[in-house]
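What follows is subunit A paired twice: with subunit B in the first complex and subunit C in the second.
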Partner chain A sequence: MSFEWPWQYNFPPFFTLQPNVDTRQKQLAAWCSLALSYCRHHKLYTLDVLEAQESPVFNNKKIERKLSMEAIQVVFEELRKKGNLEWLDKNKSRCLVMWRRPEEWGKLIYQWISKNGMVNSVFTLYELINGDDTEGEEFHGLEEWMLLRSLQALQTEGKAEVFSMDDGKGVKFF
Partner chain B sequence: MGNLLGRNTQPSRVTEQDKAVLQLKQQRDKLKQYQKKITFQLEKERCLTKLLLKDGRKEKALLLLKKRRYQDQLLDKTENQISNLERMIQDIEFMQIEMTVIEGLKVGNDCLKSMHKIMSIEDVERILDETQESIEYQRQIDEMLAGALTQEDEDAVLAELHAITQGEDIAFPEVPTEPIPEVPEAARAQPERRGAKNKPDREMLAA
Partner chain C sequence: MDRFSWSSGLLEINETLVIQQRGVRLYDGDDKAKLDVGAALLSTHRLIWRDVKNHECCLAMPLSQIIYFEEQAAGIGKSAKIIIYLHPTPANKEPGPYQHSKYSYIKLSFKEHGQIEFYRRLTEEMTQKRWESTPVSQPIPTGSATQTGKTRAVGIVGIERKIEERRKETDKNISEAFEDLSKLMVKAKEMVELSRSIANKIKDKQGDITEDETIRFKSYLLSMGIANPVTRETHGSGTHYHLQLAKQLGDMLQAPLEERGGMMALTEVYCLVNRARGMELLSPEDLLNACKMFESLKLPVRMRVFDSGVMVVQLQSHSEEEMIASALDSVTDKGSLTAEEFAKLLGLSVLLSKERLLLAEKMGHLCRDDSVEGLRFYPNLFE
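For the complex of A and B:
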């Protein structure tokens, strides 16, 4: 299943930030949804801004247009405001992308847990994202920070408890 | 961090057993990772051996095969260890389940005991007696309200019913006796004996 690009992607002006406020807002919204769906399709959880600039999302080789560094920053800032992105460093060079909120991930995981009667069991984080049992589940291959966030979301709901042992973390579902 | 947060609001629901299970699972994960590594190496070396054989470097290939063999054994051993760990994990989990079962039985037992305290045998007897009395009383009221029928009436009704059902059987053999003019002595005595019973029959026939 290949990624479906929105029509704007082949529209050259899309790659230049528009001066008109209204147009610009629509443009940013389109960029945000494009970036998020691209990450979702390729299961990306962390982005490097420099790398992102070269990736097909912001760089359409067919029409030879790419989004400038400043514009990317603006798009990312917009995503951050919406709660889908978090900077990893002060220089804003690396960021975490959350195309699905931690609560939703938590819900997915908990659904799987309760479907398989594994409530009240202990799991290692490794087991949840890399184990054979979760093969084929959406959260298989999730990055650990994301998993931890979603588990913490579950913890505030009282459905899970994260604890550590030696060097690794584990979680118990309730 | 999450753990600390959890402890602030309510006591942690993670027990010592859970921690033990986690530790075991961590070991298992490590073994699984090790297994993956070895499998990967095996695959790589297999390709390498083929290449060496193609180049005609047989001794080197043989050496690699020996190494492979050893790694194969390692893989088997790891597999065993993993299943050992998993068995242990399952044992612990099952013990936890057993504990909850016992806990449940205990609660049930206590509940039964406390209920028995409320319900003494004397009370039950008294209540049963009272109920019986009430039933009797109710029956008397019913009789009075239903009016007419006393015990004697009931008996009579029953007798009649009995006679009717009997009468149906006897009715057949009686028919051929009538046209015969001379009735033997013994036969005449019989209807006399059964007179009481046959009377209702005749009434029926007449009707």
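For the complex of A and C:
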């Protein structure tokens, strides 16, 4: 299935940071949702800002418009505020993109656990992401750091406990 | 180097520039001169050197000072040079950067090349000796020249004298420049009188010429002159003057404003008003002060200052909503517009049409596309 671009993507003003406050808010909201759905579609978890500028998300070759570096930073900052992005370095050149926030992932995983009656069972993290049972689930193939975050989110809710095992980490759901 | 004098860098009346070469460093004999790299200028009379950054720093030496000169080829890490051997310093020389030099020759070092052409032209000038056939208006002191009667002061007095001379020169230039303007003023008076006499003739001959022609003629005259303009002489100065002026402006601007879609830039108003007044020109300040009174006088025209600082005069009936709506309409109609296109569409100035678009953007009706192709406005589809 190919990625479906939003209508804004072919609207030239979308690529100019709008000076009008209200307009800019709506523009940024559209950018955030585009960036997240793009990452989700391509299962991207980390982004390099320099590379991002050349990626089709921020560079529409058809209408010959690209989002400037400063504008990309603004969009990323907006995503960070919303809790969907975390910087990996001080220079803000690489970042983690969480198109689902850890709590949302956690919820998804817990739903699957309870649906299959596996509360009070123990899993390895590897099993959860790569095991045959979870095939077809959305969190299948999730990057481990993301899974760990989600489980930690569950842990604070008291629904799971993460612990270390011989070669890696395990989790128990309650 | 002590043969050089400070100079204004200006050519004398009979003097012509022969060649100019950038990137030349001066040497006092074998030593680098304590000057930066600059431009060497060869004129029919002098060898001139000017600092590349500070044009005030300018040296000159008469060509008659030169005995002979030779080329010195470039080497590894060395620029090509021309060595110039000089007569001893004349007694009446004006002050220069060096009071005394142990060398009797200087070198021009060509950092950015050009020495071959410079050398050729220098040879030409030195054989033609044009400074002898056409002496400059004020003889430049030369080695053989006798002491002129004028005493030559050095140091601070010299500098002061030079400043005073320059001031007089500027004064002269300014009065010369304005001479033309006063001639224009005399003509302007004639023009206004002419228009007045034509107006009277039209009055007399009413009926002989068609109504249509009369109206057209009158409108020409109107754009040429106001019959009796409000002046400081007739209405004194200060608030009262501005008050009366505002009233007159309110009357006279209404028609032109309607013609131009209800809005004119203040600069445009200034030109129009002063063209109409002919002799009694308004200062920009008076115009501005008068325009500021429109509102308190409840006149049908208003002054408005846009966020960008652009000032306009507009009809009071000319409402902002309408203006924004019309901008939005035009943009929606065309899909997108630049200020230039919008100006063409409305017959407005680019400046004003841009203000309208910005206003509509500020109100959230339009959004912008700022690309290499320029600033373009689109309907705000983000809503």
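Going forward, the second predicted complex is superposed on the first by the 172 of 174 C-alpha atoms of A that agree within 3 Å, B and C clash if a C-alpha of one lies under 4 Å from a C-alpha of the other, contacts with A are read in each partner's own complex, and residues count from 1 in each chain.
By our rule, contacts are C-beta pairs under 8 Å (C-beta built on N, C-alpha and C of every residue); 3 or more make two chains touch, one makes a residue touch a chain.
No experiment lies behind these values; they were computed from the predicted model shown.
Enquirer: A:3 contacts which: subunit B (first), subunit C (second), both, neither?
Expert: Touch partners of A:3: none, neither subunit B nor subunit C.
Enquirer: Does the superposition put A:11 against subunit B (first), subunit C (second), both, or neither?
Expert: So A:11 only meets subunit C here.
Enquirer: Looking at the overlay, does A:19 come into contact with subunit B only (first), subunit C only (second), both, or neither?
Expert: second
Enquirer: Considering only the touch criterion stated at the top, classify A:170 as touching first (subunit B), second (subunit C), both, or neither.
Expert: first
Enquirer: For subunit C, which residues are in contact with subunit A within the complex?
Expert: Going by the criterion above, the answer is residues 336, 361-362, 364, 367-371, 376, 378, 380-383.
Enquirer: Where on subunit B does subunit A make contact in their complex?
Expert: Residue list for subunit B touching subunit A: 2-3, 5-6, 12-14, 18-19, 21-23, 25-26, 29, 33, 93.
Enquirer: Under the definition above, what is the set of subunit A residues touching subunit B in their complex?
Expert: Result: residues 121-124, 126-127, 131, 148, 151-152, 155, 161-166, 168, 170, 172, 174 of subunit A touch subunit B.
Enquirer: Taking the touch rule as given, give the residues of subunit A at its contact with subunit C in the complex, in rising order.
Expert: Residues in contact with subunit C: 7-8, 11-13, 15-16, 18-20, 22-23, 26-27, 30, 64-65.
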